[in-house]
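In the two complexes that follow, chain A is the common piece, with chain B as its partner first and chain C second.
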Partner chain A sequence: MKMLTALKAEQMKHRRRMLLLLPAALILFEFLWALWSLEPRKASDLAQGYLSSFYLFPILNSLIYPIFLAVLVNRVCDMEIKGDTFKLLYTLQDKKQFYNCKYLMALKYVALSALGSWPIIWVTGRIYGFTDMLEPHMVLQLCLSTFIVSTLLLSIQQVLSLLSSNQILPLVAGLAGSFLSLFSMFFPPAAARLILWGYYGIFGFVWMDWDRSTRISTYYEQNFDWIGLLLFAVVSLIVYFVCRSIALRKEV
Partner chain B sequence: MLYRCIQAENLKLKHSVIYLAFLVIPIIPAIMGTFNYMQNLELLKSGWYSLWTQITLFYASFFYAPLIGIYCSYTWRLEHTHNNWNTFMSMPVSIVSSYLAKLVCIMKVTVLTQLWISILFFIGGKMCGLPGIFSPEIILWLLRGTLAAVTIASLQLLLSMLIRNFAIPIGIALFGSIAGMFMTNADLGNFWPYSLMMLGMNSNQNEDVLSSFAGTASFFASVILFFLLFFGCAVWWLRTKDVRS
Partner chain C sequence: MNNIITTNALTKEYDHKKVVNTLDLHVPEGSVYGFLGPNGAGKSTTLKMLLGLVKPTGGEIRVFGKKLSQENRLEILKQTGSLIEAPSYYGHLSGKENLRIICKLKNVPEKDIMRVLHLVRMEKQMDKKVKNYSLGMKQRLGIAAALLGSPRLLLLDEPTNGLDPAGIQEIRELIRDLPEHGITVLVSSHLLAEIDQMATDVGIIDKGHLIFQDSLVILHEHSRSRILFQTSDNEAAFRLLNTAGMSVKWETDSFYLDHVSDDIVMDAVGQCVNAGIGVFRVTEQQKSLEDIFLSLTGKQVSL
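Let's look at the complex of A and B:
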C-alpha cells in the first residue's frame, strides 16, 4: 500500500472521532489561562505584556502537554487495541507504515496545537493593548520548541499506547510526566535536563526577575538554545526509530 | 446483592495495573515536595505543616482528580470493550447495586492512595528530621480529601461511563482541576466539584481554610449535593438509555 493511500485510510478511521476537539480544547484553555494570568495590573505590565506571555507559555505547556499527548495518542491508537484488529491489519498493511501513519496523524494535531500559541498571544495582546512588540522570532522559538519537544514525547506515548492493552500505562506516564515537568522547574539545571517532559520549560527563553521590595516583575529575553533544540530534534528522531522497533516487535 | 457486586468488581481488579498508578503517582509529589522543603528551610518554618504545603501543592491541585479519573476509566473499560455492556445491563442485580459496587471499589483504591500519601508524608518528614509525628489536624485534612474524592469519583465514574474512550475523562479531570484552582482562588470552590479536593485537603495552606463553621458546613453540603447529583444522573442514564455496544 502506498503511503498516501495508507494516510487516507488512517484519516478515514478518524472520521467522526472529533479529534480536532482536542487541540481546540487545549487552545481554548490556554487562551483562558492567558487572559486570566496576563491581565495587566500596572502600566509596566503593558510595556512587557508579550514578553510575559513568552515566559508563561513554556510553564503552561509543561503542565498540560504531557497529558494532552497521552490523551491524543490514546484516541489515535485505541481503536485497533479495542477492536483487536492488529492481526487483520498487519496482513494488509506494512507494520512500519501503520506505525508511521499513526505518528503522522497525531503529529498533525500537535502541530496545530503548537501553532495555536501564536494567535492566543496575539489576541491576548490586542485585548489588553500590550505596548511592546510581538517579535516574530520569539513566536517561532516558542512554536518550534513546543513542537519538537512534543515529537519526542509523542514517540514515547505511542509505543506505550500500542504495547498496553488496557491503556493505563500511557496515561500514568502522561500524568507522571506532567508532575515531573512541573517539579523539574525547581531542580538544579543539570538535574532538570534528565526529565524529558521538562524540556518545554528548559527551552524557555524569557526569564523573570522579581523585586521583593517593589513587588515588580521584570522580564528579559535570553539567548535561545538553538544547538540544544537541534540536538533534541536528533534525539527525538533516534527515539522515534527505537520506539518503532519496540512497538513492531509486539506479538499480535 | 451489593456485596456480591462488590466482590465481582474486586475480581475484575485482581492483579490489575491500577495498583501501578496508585503506587507510582503519589511517590513523585512526596519526593519532590520533600526535596523542595529541604531547599527552602529558611522560608518554611512551620515543620510538618510546611512540608504538607509542599507535598500537596500540586498533588491536590492538579493530579489527584486525574488519578481518580484513571481508576474510573479503568473500571469501565471492560464494559466498553466487545459486547460487555449487554452483559452488564442484563445481570440479575439492580443497576444501583452494579453502579455502587464500582464506586465502592474506586473508593477502596482512593482510600489506599490517601493512606499511601500519608505514609510517604511521614517518611518524608522523618527524612527531613521533623520531630514526633504530624498533628491530628493533618489526618482530618486527609479524611476531608477522601470525602471530596467520593464526589470526584462519582463525577469521573459518570464521565467514564458516558465517554467510551479511556483517556478523555482523564483529560477532563486535569482541565477540571486547573479550573478548580481558579475557582478556589475566586472563593467559588464550593461550586466546582474539582475544587473540593483542594479545600478538603487544605492544599498549600498552613492555616485551615475550613476552620469556620460556615466554611465547614458549605464544604460538606457541596460534597453531598454534588455526589447526589452525579450519582443520580448516572443511575437515571442507566435506567432510561439503551445500550450502544
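Let's look at the complex of A and C:
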C-alpha cells in the first residue's frame, strides 16, 4: 500500500479527535507567558525585546514540550490501544508503515507548534513595540532546534504509548521529563547533557547577564551549536529506528 | 478438493511450552471449517499464525497454495478477512466511518460498505458512534469489516461471542451461506453445538494437538447410536436383560443398549413384555458431540 493512502487512512482515524487544539493550546499558553514575561519595564527592555524572547523560549519549551508531546502522542496512539486494532491493522498494512504514519501524524502537529513560536514573538514585539530587529536567523534556530529535539522525544513517547496498555505510564514519563528538564538547568553542563528533555534549553543561543547593582539584564547572542544540532538529529534518527524496532517486536 | 489453507508441522512455543504442536491443518476450499477446542487449546494462536500476526516457532503455512512469509504476507492477506478475539474498532467514530478506514486500507470502493452492513443487518446503526454499540453490535461490525472486498477466505475467531440468541442464529446463517458466494470460512469456537450447526468440516484441537480432522459427516459417524428404554419398572427390566446376557447399561434412572441391531431391540422388548413389565418408550439416541470429544480426548472438557 502506498504511504499516501496509509496517511489518508490515518487522517481519517483522527476525525473528531480535535488534535489541532493541542498545538493551539500550546501556542496560546506560550503567547500568554510571553506577554506576561516580556512586558518592558524600562526603555532598555524595548531595545533588547526580541533578544530576550529568544532567551525565554528555549527555557519555556523545556518545561512545556515534554508534557505537550506526551499528551499529543497519547491522543494519536491511544485509539489503537482502546479499540484493540493492532491485530486488524497488521493484516492490512505493513507494521513499519503503521508506525511511520503515527509518527508523521504527530510530527505534523509538532512542526505546527514549533513554527508557532515565530508569530508569538512577532506579535508580542508589535504589541510592546520592541525596538531591536527580529533576526530571521534566530527565528530559524529556535524553530529548528525545537523541532529536532521534539523528534527524538516523540520517538520515546510513541514507543511508550504503543507498548503500554495503560496510557498513564507515557503521560507520567512526559511529566517527569518536564521536571527533569527544568532541574537539568541547574546541573553541571556535562550532566545536563544526559537529560534528553533538557536539550531545548541546551540549544538556546541567547544568554543573559544580570547586574545585581544596576538591576539591569543584558542579553547577548552566542554562536549557535549547529554541529551539536546535526549530531542530535542523527541520534534522533537512530533512536527512531530503535524505538520502531522495539514497538514492532511486540506480538499482538 | 483443493485446500485453501495447509499447515505442515505448525508449532508455536511460549517460554518452552508448546501452545501449538506440529499442527497439520487442511482447510478445503469452499468449506466452512469449524476449528474446535476448549479455551486455551491454541485456536487463537493458530489463527494469528495463519494471519502472520504471530511468528511460528516451526512448521510451514500455505494459503492459496503460496507459502506464507513476512515478505508476501500482506499480498496473500489481501484476499482474506479476519476477526480475531474481540472486534477491533475506533470508538470515537461511527460504524460507517470505521468501515471507510478499512476500505481505504484494503483499497476497496466505499460502495461496498452498504453491502456488508446489509449482510450483518447494521444499516440502522451505521451512523452511531461505535463506543455506544453493544458487544454484539461491535462483533457484527467486525464481521462486516472482515467481509469488505469480498475476500476468498474468512478467518473468524469465536464470532458469536457476546451475541444474543437471535444474533447468534443470524451469524450462523450468514456463515453457512458464505461458501455460496465463493468464500471459504475458518471459524473457531469452543462450542461443539455451534460448529455442528454451521460447519462442513471440522478440526479439533486440544492442548495444541490436532486430535481430529475430517468432514462433519465423518465426525458424526463416531457418534454411535444407543437405544434408551423407559419401562414401568426400569430396575427389574435392567436386571432381566442383564441376566439374559444383553449389554445393558444403567444411566441415572433408566437403562440403554449400546449400538445394537434391530433384532436385539425386538428381543429385549419381547422379554420385558413377557415378564409383565410395561414398555413405555424405546428411543434411539445419537451420541452428543461432547461425548465424541470425550471419546477422542479421553477426558471431559468444559465446552
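Just so we're on the same page, the second predicted complex is superposed on the first by the 252 of 252 C-alpha atoms of A that agree within 3 Å, B and C clash if a C-alpha of one lies under 4 Å from a C-alpha of the other, contacts with A are read in each partner's own complex, and residues count from 1 in each chain.
We adopt the following convention: contacts are C-beta pairs under 8 Å (C-beta built on N, C-alpha and C of every residue); 3 or more make two chains touch, one makes a residue touch a chain.
None of these values were measured; they are calculated from a predicted model.
Peer 1: On the A-aligned overlay, A:D94 touches which partner chain: chain B = first, chain C = second, or both, or neither?
Peer 2: After superposition on chain A, A:D94 lies in contact with chain C alone.
Peer 1: Looking at A:F179 after the superposition, I want to know if it touches chain B, chain C, both of them or none. Which is it: first, second, both, neither?
Peer 2: Only chain B is touched by A:F179; chain C is not.
Peer 1: In the overlay, answer first, second, both or neither for which of chain B and chain C A:R16 touches.
Peer 2: second
Peer 1: Classify the contacts of A:E251 with the two partner chains as first (chain B alone), second (chain C alone), both, or neither.
Peer 2: Second partner only.
Peer 1: Give one of first, second, both or neither to describe whether A:I168 is in contact with chain B, with chain C, with both, or with none.
Peer 2: First partner only, chain B.
Peer 1: After superposition on the shared chain, which partner residues are touched by A:K82: those of chain B (first), chain C (second), both, or neither?
Peer 2: In the superposition, A:K82 touches chain B and chain C alike.
Peer 1: Using the superposition on chain A described above, determine whether A:H137 touches chain B (first), chain C (second), both, or neither.
Peer 2: The answer is neither, since A:H137 touches no partner chain.
Peer 1: A:K42 in the overlay: touching chain B, chain C, both, or neither? Say first, second, both or neither.
Peer 2: So A:K42 meets neither chain B nor chain C here.
Peer 1: State which residues of chain A lie in both footprints, the one left by chain B and the one left by chain C.
Peer 2: Correct list for chain A: 82.
Peer 1: Within their complex, state which residues of chain C touch chain A.
Peer 2: Where chain C meets chain A, its residues are 48, 51-55, 74, 77, 80, 82, 84-93, 97, 100-102, 104-107, 130, 145.
Peer 1: Applying the document's contact rule, which stretches of chain B touch chain A when the two form their complex?
Peer 2: Interface residues on chain B, with respect to chain A: 16-18, 20-21, 24-25, 28-29, 32, 35-36, 39, 58, 62-63, 66-67, 70, 73-74, 77, 80-81, 165-168, 170-171, 174-175, 178, 182.
Peer 1: Per the contact definition, I'd like the list of chain A residues that touch chain B in the complex.
Peer 2: These residues of chain A touch chain B: 22, 25, 29, 33, 36, 63-64, 67-68, 70-71, 74-75, 78, 82, 166-172, 175-176, 178-180, 182-183, 186.
Peer 1: Could you pull out which chain A residues touch chain C in their complex?
Peer 2: 1, 5-6, 8-9, 12-13, 15-17, 79, 82-94, 251-252
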